[in-house]
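Each of the next two complexes has subunit A plus one other chain: subunit B in the first, subunit C in the second.
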Partner chain A sequence: MNQETTTEIAEKADDPGSGANATDERLSHRGPFQRLLTSPEIGALIGAVAIWAFFWAVSVPFGTAGGTANWLDVAATLGIMAVVVSMLMIGGEFDLSSGAMTGATGILVIMLVKDIGELGGAGLNLWIALPLSFLAALGVGWFNGTMVERTSLPSFIVTLGTFFVVRGAKLGFSKLIVDNVQVGRIDEGAGYEFWVKVFASTWTRTEHQFDNRDVFYNQFLLAGLVFIALAFFEMNFRRSRTGFSVWTGVALVGAVIGLGAYAGMHSTDGTSINWILAIVAAAGALIGIVGWARWRYDAAEPAAEADAGSMAVAGRYTLIGLALVGAAVLFAWWLDSTSERTVAFLITIQGLRAMLFVSLFVIGLVYLSRAAGAAGRAPNRNVFGIQMLIVAVIVAVAFFIQIESASRKFRTEFFSVMLLIALLFAVWSVVSLISAERRTPDPAADAWGRRLVLVGVLLAIAGVVIRLLFTTTAEIEAGGVPPASFSVRILWFLLVTIIAVFTLGRTRFGSWAFAVGGNKEAARQVGVPAARTKTQLFMIVSAGAWLVGMLLAFRLNSLQASTGDGLEFEYIIAAVVGGNLLTGGYGSAAGGAIGALIMAMSAQGIPFAGWNSDWRFVFLGVILLLAVIANNLIRARAEASRR
Partner chain B sequence: MTDFTSDSTATAATLVEVRGISKYYGNIIALSDITTEVKSGTVTCVLGDNGAGKSTFIKILSGVHHHDDGELIVEGAPVRFSSPRDARDHGIATVYQDLAMVPLMSVWRNFWLGSEPTRRFGPIKIVDQSKAKDIAVEELAKMGIDIRDPEQPVGTLSGGERQSVAIARAAYFGAKVLILDEPTSALGVKQSGVVLRYIVEARRRNLGVIFITHNPNHAWPVGDRFMILNRGRSLGDFAKDEITQAELTQLMAGGAELEQLQHELSEATADT
Partner chain C sequence: MKKLMSLLALLFAFALVAAACSSDDDSDDDGSGSSSETEESSSDTDDGGDDDADAGSDDGGDDSVDLTQGGDLTFHMVTHSDDGPFWSVVKRGAEDAAAAVGVNLVWAPSNNDPEQQVADIDAAIAAGSNGIAASLASPDAVAPSLEAAVAAGIPVYTLNSGVNQYKDIGAVTHIGQTETVAGEGAGERFNDLGATKVLCAFQEQSNVGLEERCAGLENTFSGEVVSEFVGLDADQTAQQNTIAALLAEDDSIDAVLGTGPVVAVSALGASQDAGKELIIGGFDITPDIISAIDAGDIAFTVDQQQYLQGYLPVILMYLQATNQNTAGGGLPVLTGPGFVTPENAAEVAALVEAGTR
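So, the complex of A and B:
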């Protein structure tokens, strides 16, 4: 740099408003979908949905309430630990003693409450034993944290030592005091009746009837989807500055017509009337949506002239996409859906048909969406045309599946889901055609969008929960309702996840956890109590292990001395699958929870699908590798899109 | 601009005075008899080659080490810092080149790290995010950095912008004297320009800046006072009107050595 330029720059800086204040051209605006992709747990979320859909499709019991209760039960204890281990991992440390600690706390409580007799034990009340064991667990966490801080050794080594001590102590004290590797029974303790409800009560579905269940389920799910769609409108399109207009009225009229017709659909049994009402509802909804978009958002700018080159590309992709979807349908038609004859290693004609159909259909859709992307540089109408083509293809395939599929759930539930996806996509395309996309940040609109997403997700979850928790008279009369029972540990899992997400995102402690994991020296320099933060994170992990220990002890009544040993790696795997960076400083507690769901679904789904569960670890290994690669790609793309 | 020039009494205030400071590591003389001063609204450049004693000088000012001889006077009172925190409490903030930021954390969280504003939410205290983001964006804008998205991770900022986030943070949290440790040494030409602009901006906001560098071309356009260190000794402490850039470069490279180098270089170019 020569003298003239620096002087010039320095002089420019004396004049505020020039130079650095100019718009930063490197920072392009990120739309709502792009921003969604920057959260650490998004890869795991997509993976969880895909794995759920996969096992739902290949196994009959997996998607039922009973199957769901089953894998959620496994997910709960794994998930509580995955969440706290994620917090510690964000803080840049590991705790290898976490698995053994779950068994140790359970065994400690049992020994504290056992009657003093020939077999030993302290004979304490549970009201005293529980807090005592909790303090003991916190003590182990404090020890781990303090040792790591004082010795500056890697936590991997320090907690490996704690792990062996805890594991040996469990076995040694069990043999010494009870003279057995099996330590029981917790129900001898005073106060058992109360605490067993807290830690091990269950909700048996067949005992709870709610005949209007499916009405609530449908409406909640639908309302949830509407809220989520509105949220994405708010975040993606530019808010119009004009207030109420004639379009407000159009939106209202459309909404009234749509809702009225939709309400009418449920009051009659006549098929033709229901069809007419459905069409009226759809028309009302369309009017309402157009009115809403015109009132709320700026109109789309006139599009640029068509670019012949990109239109040719779009046309080619469209043809390839249509050919692939056509091939998928042809294969499904040609191959026998009932044949279980083996073609090659483990693959039946039936399986081959499903695989060919799904993969060709999905690749076809990818090509069609690439066509829409290529046409995106041409006028909007062309994009809209291709999008409508995609909607038509999805609807056509949905009807094909409904006619051809041998399995009932594909003909009913899957069919409805496909139609719903097509409908949402169509609505999105219509609004995109007539509204202008927002290209500048608008924090208020984004905040609104986030709130709407939250409401939508909560409504949808409420719908699903109602359906899972209750049975109906009709179901019982039809017979064959599996006795699904949901354990209270699922609520504990939910509670721990919510507290962890809140703590990491909203409190100073959460900020400090990210800071000490990301760059400890920098954190220390600005006054973050790094040692204390890390020690507290270790204590949080021990507290989680205590909770899991209680859930196990009250469920099983007696615990093996080896309970929990070796599970610490499953917690770490779940945290990593959930998008937490192994080296700290990046990740989320929700990611850990989703990672635990993925692992529980695959562990329980494999036997449900009728496969040998010896293959479970092969599946787990593949998932771990795929998850880490996917998370890396997503993070890299997210970081790149911010530049 | 007018806000600052009208405050003429503050502009003249001497914030830090260094009088004959020396530092020994055993029998090694790291610094010997260094004298300079930092006034508010001025930039004091400390120049020197590697091993000249620049980092020892910073460490004394920022409270990492103690001086063995001489006096360190902060706002009129002689002090001996017990720790870096003590120095910070006296209004002396040090911005190190790499240690200052958590790259994967967002700009606003980095800005507030360690001093997050909170509000009560029932029995628990939560971080007041909207206030924190607003103030962070506002303070950075005052430094001339336009951060459109405070959620952007600091790692995606350029090196110069990262330095200036640290400068803005130090200024917001009450620093009167900023010590910048080689802020331009790892940066390209354009990025160095960015940092120099923020140094001028900090001066305009009436901070006293100590700018440590080994590049006289960076020091000259922004500096008001220049102290040249060589092998632990001061080669002089000059106000801007007492020295020219050529003289500064000459002194910094140790006069004769530079002439020798120029001679060698001209021979090298003649050969090719």
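So, the complex of A and C:
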């Protein structure tokens, strides 16, 4: 990836001594986790998952399909802009006119299709008005880029000027032409029927039934997880040179037993969990995994045991970790889960219980994992022992939650997720114990791993999407299902993100964007057309603003003159939360998209949780600060561990 | 250099956020967060002159003799008007009143610039005005000049904003709408419509006027009221989704009062998203909300009838000058709340078109 190359070059410049006697660090092998941790968007990704889990836990509707449609709707327009703004920020510039431009392009199209007397309104067909307004938007982007290049002024100043002009023009022309601060209506334009489908159609969940939905959901999700786990094996362990062996057979037998038991489990009535089949399935999975590891990877060479001092530390951490988890369980058992009595400032007994339980449990797990770290590196019996202890703790706590929790979603969904995590971790530990870790680069295996990850992620997403998009006949008959409407703008968001990631990562233009953002003069001297690249980046932002303008105009039908004003900072914040640097040269488009998801989940989670909106910006600020700090910490640790 | 740049960038960011946070709401509320942006830069004296020409007489025309009794009277209406859609209706009311009773009217809009307004008031005093009507969006800046006018024996009226200050200044009365009373009116509407729990959704935080609307609603509404900030008008999608989230979170909400026209329309979208019928009320008038009311999707919008805020001061000043009447009896004269409902939406739409609503 280009961003990695750029930062590595920058690092080498920072640290001239490193190249002298060490081997070239670009050729040294890095494990899959380490590589994952050095990508710019990983902090944001972890933050996004944490925030989703948090609001899922505190609010019932947030995690439903309706809630998901709700925050995705907000995330989509923010995200499209965050992605294009990320590209521009990687190129080292800002565009403060981007917010106002979203409203301006929408208003422009409405004005173009309106036919109102001599003053304005061309009464154009939408087929002409849309390309015209798109060209106008590109023109503004071109103007921004050219002005920045010609004047050598900071883009902050130049686009601040454009921002005021665009904002004023929106209001001025609205008042001049329709004599109102609200401009409508786009549905009077010819061709509306077609374009409204492109920009504003929705998928209403309750209108689509698919009775086998949950079967597909489970299968896809599980298959996806298996693929991702395999991918991590491929990237972490050393491939064996021997071909098929008896272990191949063991792997197959295990897989057949596991799948058979799993299928058996799902062909029962489904109301009660079939424990025997579940255990058989788990055993089959374990046999299959061991067979796979023995067949495909070299056997582990015994690693040196840790010294007595480290073992003492490991023992102490283990005890602390167990004590903390124990305390978490005790608190949860002792405090009343139904009490809404306030103990202190806005915190109820119920809330205190949840906070104590989660934080003590998480800190306990952190201590246990540090204990495993202190006990040395795998393969090592002590490490394995502690890892198994962690698995046991997670399983025990999962059962505790199932017994104690008053909330159905914790007793069912969360319980399964915890068991699944424990299972994946156990499998990883077992394979780590018996297989040799790869310490040299193996591009072929890495490529395999990446492909497997991609397939796994796509399968898992497909499972979730199926679950979100369909209802079952039984659900409809039971009633009370909100008509969650997914907007087509989510697809636009996805499309823009994919195009941006591809452009930045795989094209010459993308490399140029990183180069001009990192060091413009250096880039120019090695032959990168810096001025043209920056201007094109500005035009990309304007194009994104046009797209968002169309999404808004076709959704709302009439637009306020103030539409989008001030939102440019949300775009920049989303980009920064997603791991993009304000100074340019580092970041990713996917990070911008994830940053937008974080912002949208935080903003919408607050009303879903029923929190007082007076405190909204306090919550939002804390969440954003935490996200950015976590991002920096993770990156700093990952970079440090590479030396 | 990079550091300096990013520092500067941050500074600008703050300045911009501060500037961008004021929205262009098309109604000007009683001294509440009145937007300070410059929408059109036209010099005042020009404007005043034009209006006078419209009214058909000369500025401060002491020499011009008119057949009507009030022909030699000149009234000044000195407001923080930005000549937007809201104020153009006020101006229309004042002009219509001046024409009806045959007096001269000087319309001096200061475009939210208190200094300009002070200068206009001082000029009116110097010209020997027969009556000054002023809006008190910035009471601290403008009050001393108005007190000087009272001391000079000129009858003073306040309009639109200034309900809490007009007495101290010595003004005869205030012509306007108080936000609390408007909210109370909305609360009674919701009682009649059978709502049990109303979400008071406001679009700006720390805006006193909007909070007073919600407080008024709480005063008269017989059920429960929850007041929540739901996002700025600049981001209607977020507004709509936030209202939908609140509806999902609290199933017992069956009505929404939007403290602006955009919020009310967003609430309509949210009710469709949530698949839930809601009784929706709003504030002020836009084409969107009128058509939604006409279609029966929104129950009502509160109209502060600003035409009266232009019309009544002129008439009251005329009656005081010619007949020694003082209206109000020490209390403000309220121009609202008027309501636009499905019954009168079509008529109101026509009146909006004509520029008097």
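To be clear about the criterion, the second predicted complex is superposed on the first by the 599 of 643 C-alpha atoms of A that agree within 3 Å, B and C clash if a C-alpha of one lies under 4 Å from a C-alpha of the other, contacts with A are read in each partner's own complex, and residues count from 1 in each chain.
Rule of thumb we're sticking to: a contact is a pair of C-beta atoms (placed from the backbone, for glycine too) under 8 Å apart; a residue touches a chain by one contact, two chains touch by 3 or more.
Only a predicted model underlies this, so the values are computations on that prediction, with no experimental measurement involved.
Looking at the overlay, what does A:R506 touch: subunit B (first), subunit C (second), both, or neither?
Only subunit B; A:R506 stays clear of subunit C.
Answer with first, second, both or neither: which of subunit B and subunit C does A:Q525 touch in the superposed model?
first
Which of the two, subunit B or subunit C, is in touch with more residues of subunit A?
C
With the two structures laid over each other on chain A, which partner does A:E193 touch: subunit B (first), subunit C (second), both, or neither?
neither
Once the structures are superposed on A, label A:Y586 by its partner contacts, choosing first (subunit B), second (subunit C), both or neither.
first
Applying the touch criterion given at the start, work out whether A:S485 contacts subunit B, subunit C, both or neither, answering first, second, both or neither.
In the superposition, A:S485 touches subunit C alone.
What is the contact status of A:L96 with respect to subunit B (first) and subunit C (second): first, second, both, or neither?
A:L96 sits against subunit C, while subunit B stays out of touch.
Can you give me the overlap between the subunit B contact set and the subunit C contact set on subunit A?
Comparing the two interfaces on subunit A, one with subunit B and one with subunit C, no residues are shared.
With touch defined as at the start, can you tell me which subunit B residues reach subunit A in the complex?
1, 84-85, 96, 99-105, 109, 112-116, 118, 124-127, 129, 141, 144-146, 148-149, 152-153, 155-156, 169, 189, 192-194, 196-198, 200-201, 204, 217-218, 220-222, 245
Per the contact definition, I'd like the list of subunit A residues that touch subunit C in the complex.
Per the stated touch rule, the residues are 59, 61-62, 64, 66-67, 69-71, 73-74, 77, 94, 96, 99, 103, 154, 156-157, 160, 163, 171-172, 175, 179-182, 184, 206, 482-483, 485, 552, 555-558, 560-567, 569, 572, 582-583, 603-604, 607-610, 612-614, 616-617.
Of all residues in subunit C, which touch subunit A in the complex?
Interface residues on subunit C, with respect to subunit A: 2, 5-6, 8-9, 12-13, 16-17, 20-21, 23-24, 26, 39-40, 84-85, 205, 228-238, 241-242, 244-246, 248-250, 262, 273-275, 286-288.
Mind listing the subunit A positions that touch subunit B in their complex?
1-3, 5-7, 9-10, 12-14, 16, 19-24, 27, 30, 441, 506-508, 510-512, 514-515, 518-519, 521-523, 525-528, 581, 585-586, 639, 642-643
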